[in-house]
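Shared chain: chain A. Partners: chain B in the first complex, chain C in the second.
Presenting the complex of A and B:
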């Protein structure tokens, strides 16, 4: 059965797969994780805020995002963003939003929901005496968060945040519904063009597997190091 | 310096932790607050710098009403040092950074100025060699001395101590008390929640005894140790002094 396979197609398409596909995937993963962390932290602060209304809004947002399939959000968002943009700017026709921008916004919003739960757990893991000591020194709420609570919460939660980022790395392949050439999309394009489905999908699986495994291993080592420092 | 008048505080609708507490601490005075656990003494001292809110009464700190919604609390708290039972050093910052953070962010001192002040205070509590370590590398007694130095770095007008030796191993208690005795002798205004009656009899001017949220006894040191007027204070003293 393997006699008909032509693995040379992989070699021939390597530059396209990695320079175009993988760089897109990594960029989308990195920017989404960063944006998700920033907005996730804000949502976590809203949820823990003493203003009940803010907490309710943030809670609703998180529940909403977590109860929708990611593919559906990507899909809907791609078709909705131009109209939302039109409505916001008052333009006469739907504004043009590139597939990359649209998918980036989607992933940031989606990941923010997950990162916010992680950061919330991280903030709650800090003993109440820490912000009390910060207040007693005259630091404001914002300063106490910025210099005392969030750095510790972030450090405690770093392994979990990175693990979630590995999941995100795999999830970015879902942008195939928008026909964007991310790594999987690029592999898929070559596969269809050359009729080499088995080879290309095997190779794509192997690449995702190796990168995710290496990253998980790195996270475990990091976790061990953090555990010692504490 | 600290005027506490008719303070009432409830947790929830029915549980009253502070009942009509009235007392004061004059400038340069050392006041020890003692009493059985759950008597509200820690809660009372935390009300002084508004770490705990209270529902009725008022506290005036150096002429500023603590429970006035218009009061700039961070600014007020920066002027009063506080030392906690569990030290509460910032574990992700080095010792010297623990001392510098609030000096720079709250008082606006330059980094060099803050480090110089921090070094001086670390030397004073005998820990200059540990400036670049992290809190977890120090013993409990050393951490508490750092916490005192951190509070002093803000040039406070008064110091609040909330059971500063309760979480320490016995052999470390004296090194912390020594620092506190020195402070008292220098004329620092101090309000100290503690069970260390030796410290109280050595440096306190007044002793306040609390039980069940009430100030039962508020007396000069000699009166308090000589002949406490209330039965509850007598019982308490006999329990902790008998060993």
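Presenting the complex of A and C:
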């Protein structure tokens, strides 16, 4: 069964797989998670604001993003980002955007919808007395969010946010549809060049599996620790 | 924006020679629905089995279900589809592998089974949570009435648990619909694939993607509305959602 397999191809392509592929994947995951968290928190604040219109707009955005498949959103932004860039910079023609920038914008906008739901739950889990006490102390809305509500919401939701980041880490593999060399894309390039699909895809699967397993084990431990503090 | 909008493109003949571009997209929509439904049936069957195993007191059963769930949850769906599509036929004995490779509609079956198994791990977790949320008395009452474990699950625990987890199952079904689009990578030309094909043939990128977007939104609205009615009629009296 494994007789005519050549696992040496993995060893030969290790530097390319990890230095190029995995670093792209991890960079994309990290920056998207950060950007998604920032935008997601803003969207959550909009949804919970007392201005009904803001809440409606944010709600529509979240529902819209969550009902589309990520693959379609990746295609959308791939074609849309050059035009957005043209509009922002006032250039005369659609600007050229690199693969990394394009996928980064996609994942930030897409994940913001998911992170915002988590942050909304986190903010709603803070008892009403806290912002009330903050405003009694004379803190403005911005101050009470900045110093009282958001730090606690973030801490309570940390395990869920990290779990979502693991999902995001797996989802970044979908940039494959744009032929971008992330980790899976790099593995697939080597696989097709050398005709070693079985070896490379098994290896890619194993790497994703080990990283995700370790990460979710870490999240479970963190959750247990946080649970004791509360 | 110097982009030439042309909304009439949908009624122009497509290059395959059969019908208009709109027909192309609608055929993609049907393939998405067909794949998603088959995947959902698979997800429900395997998810139920694994979910029950997860809720049993036996150590071995919970270990099996733990491994199953971790296996399918810790790999990207795309990688799983590649494993089923490219790797599995090579690892099987020669004749079986050849038969698999020559299967007509291979992308369709691979997508339905791959997405189905991927989603089954999620269904299992939801079902186990649903069973765990039932008061302990339910299981004890079933035993006291003389029901065997199988009968207890069949007549008491599962009907209750499934009705409780209806809302999360709705969103898992919608995830199944969305996840079928990943099968574009193994050559399944479903809705997203057809939109992409239309973009390549006609260069009307944004019209094609807008149409696909509207179709996905329509699926969402129909499923959510339908499930809301179903949830209301199946709600358990006495629970918060019940009458």
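The rule is simple: the second predicted complex is superposed on the first by the 226 of 230 C-alpha atoms of A that agree within 3 Å, B and C clash if a C-alpha of one lies under 4 Å from a C-alpha of the other, contacts with A are read in each partner's own complex, and residues count from 1 in each chain.
Operating definition for what follows: a residue touches a chain if its C-beta (ideal position, glycine included) is under 8 Å from a C-beta of that chain, and two chains touch if they have at least 3 such contacts.
The structure presented is a predicted model; accordingly, all values stated were derived computationally and were not measured.
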Return first, second, both or neither, reflecting whether A:140 touches chain B, chain C, both chains, or no partner chain.
first
Have a look at where A:195 lands relative to chain B and chain C in the superposition and call it first, second, both or neither.
neither
Contact breadth on chain A, by residue count: chain C or chain B
C
Go through the superposed model and pick first if A:129 touches only chain B, second if only chain C, both, or neither.
first
Touching A:15 in the superposition: chain B (first), chain C (second), both, neither?
neither
So, does A:68 touch the first partner chain B, the second partner chain C, both, or neither?
second
Please work out whether A:30 is in contact with chain B alone, chain C alone, both, or neither, and reply first, second, both or neither.
neither
After lining up the shared chain so the two structures overlap, which partner does A:148 touch, if you call chain B first and chain C second: first, second, both or neither?
first
Footprint of chain A on chain C - complex, ascending
1-3, 70-71, 73-80, 82-83, 86-87, 90-91, 93, 174, 177-182, 184-185, 192, 195-196, 199, 205-206, 209, 212-213, 216-217, 220
Residue positions on chain A within touch of chain B in the complex are 127, 129-130, 132-140, 143, 147-148, 151-152, 155, 230
Under the stated contact criterion, what part of chain B meets chain A in this complex?
49, 51, 73-75, 77-82, 84, 86, 88-92, 101-102, 105-107, 136, 150-151, 154
Complex contacts: residues of chain A adjacent to chain C
1, 64, 67-72, 75-76, 79-80, 83, 86-87, 93-94, 170-171, 173-174, 176-177, 184, 188, 197-198, 201-202, 204-205, 208-209, 212-213, 216
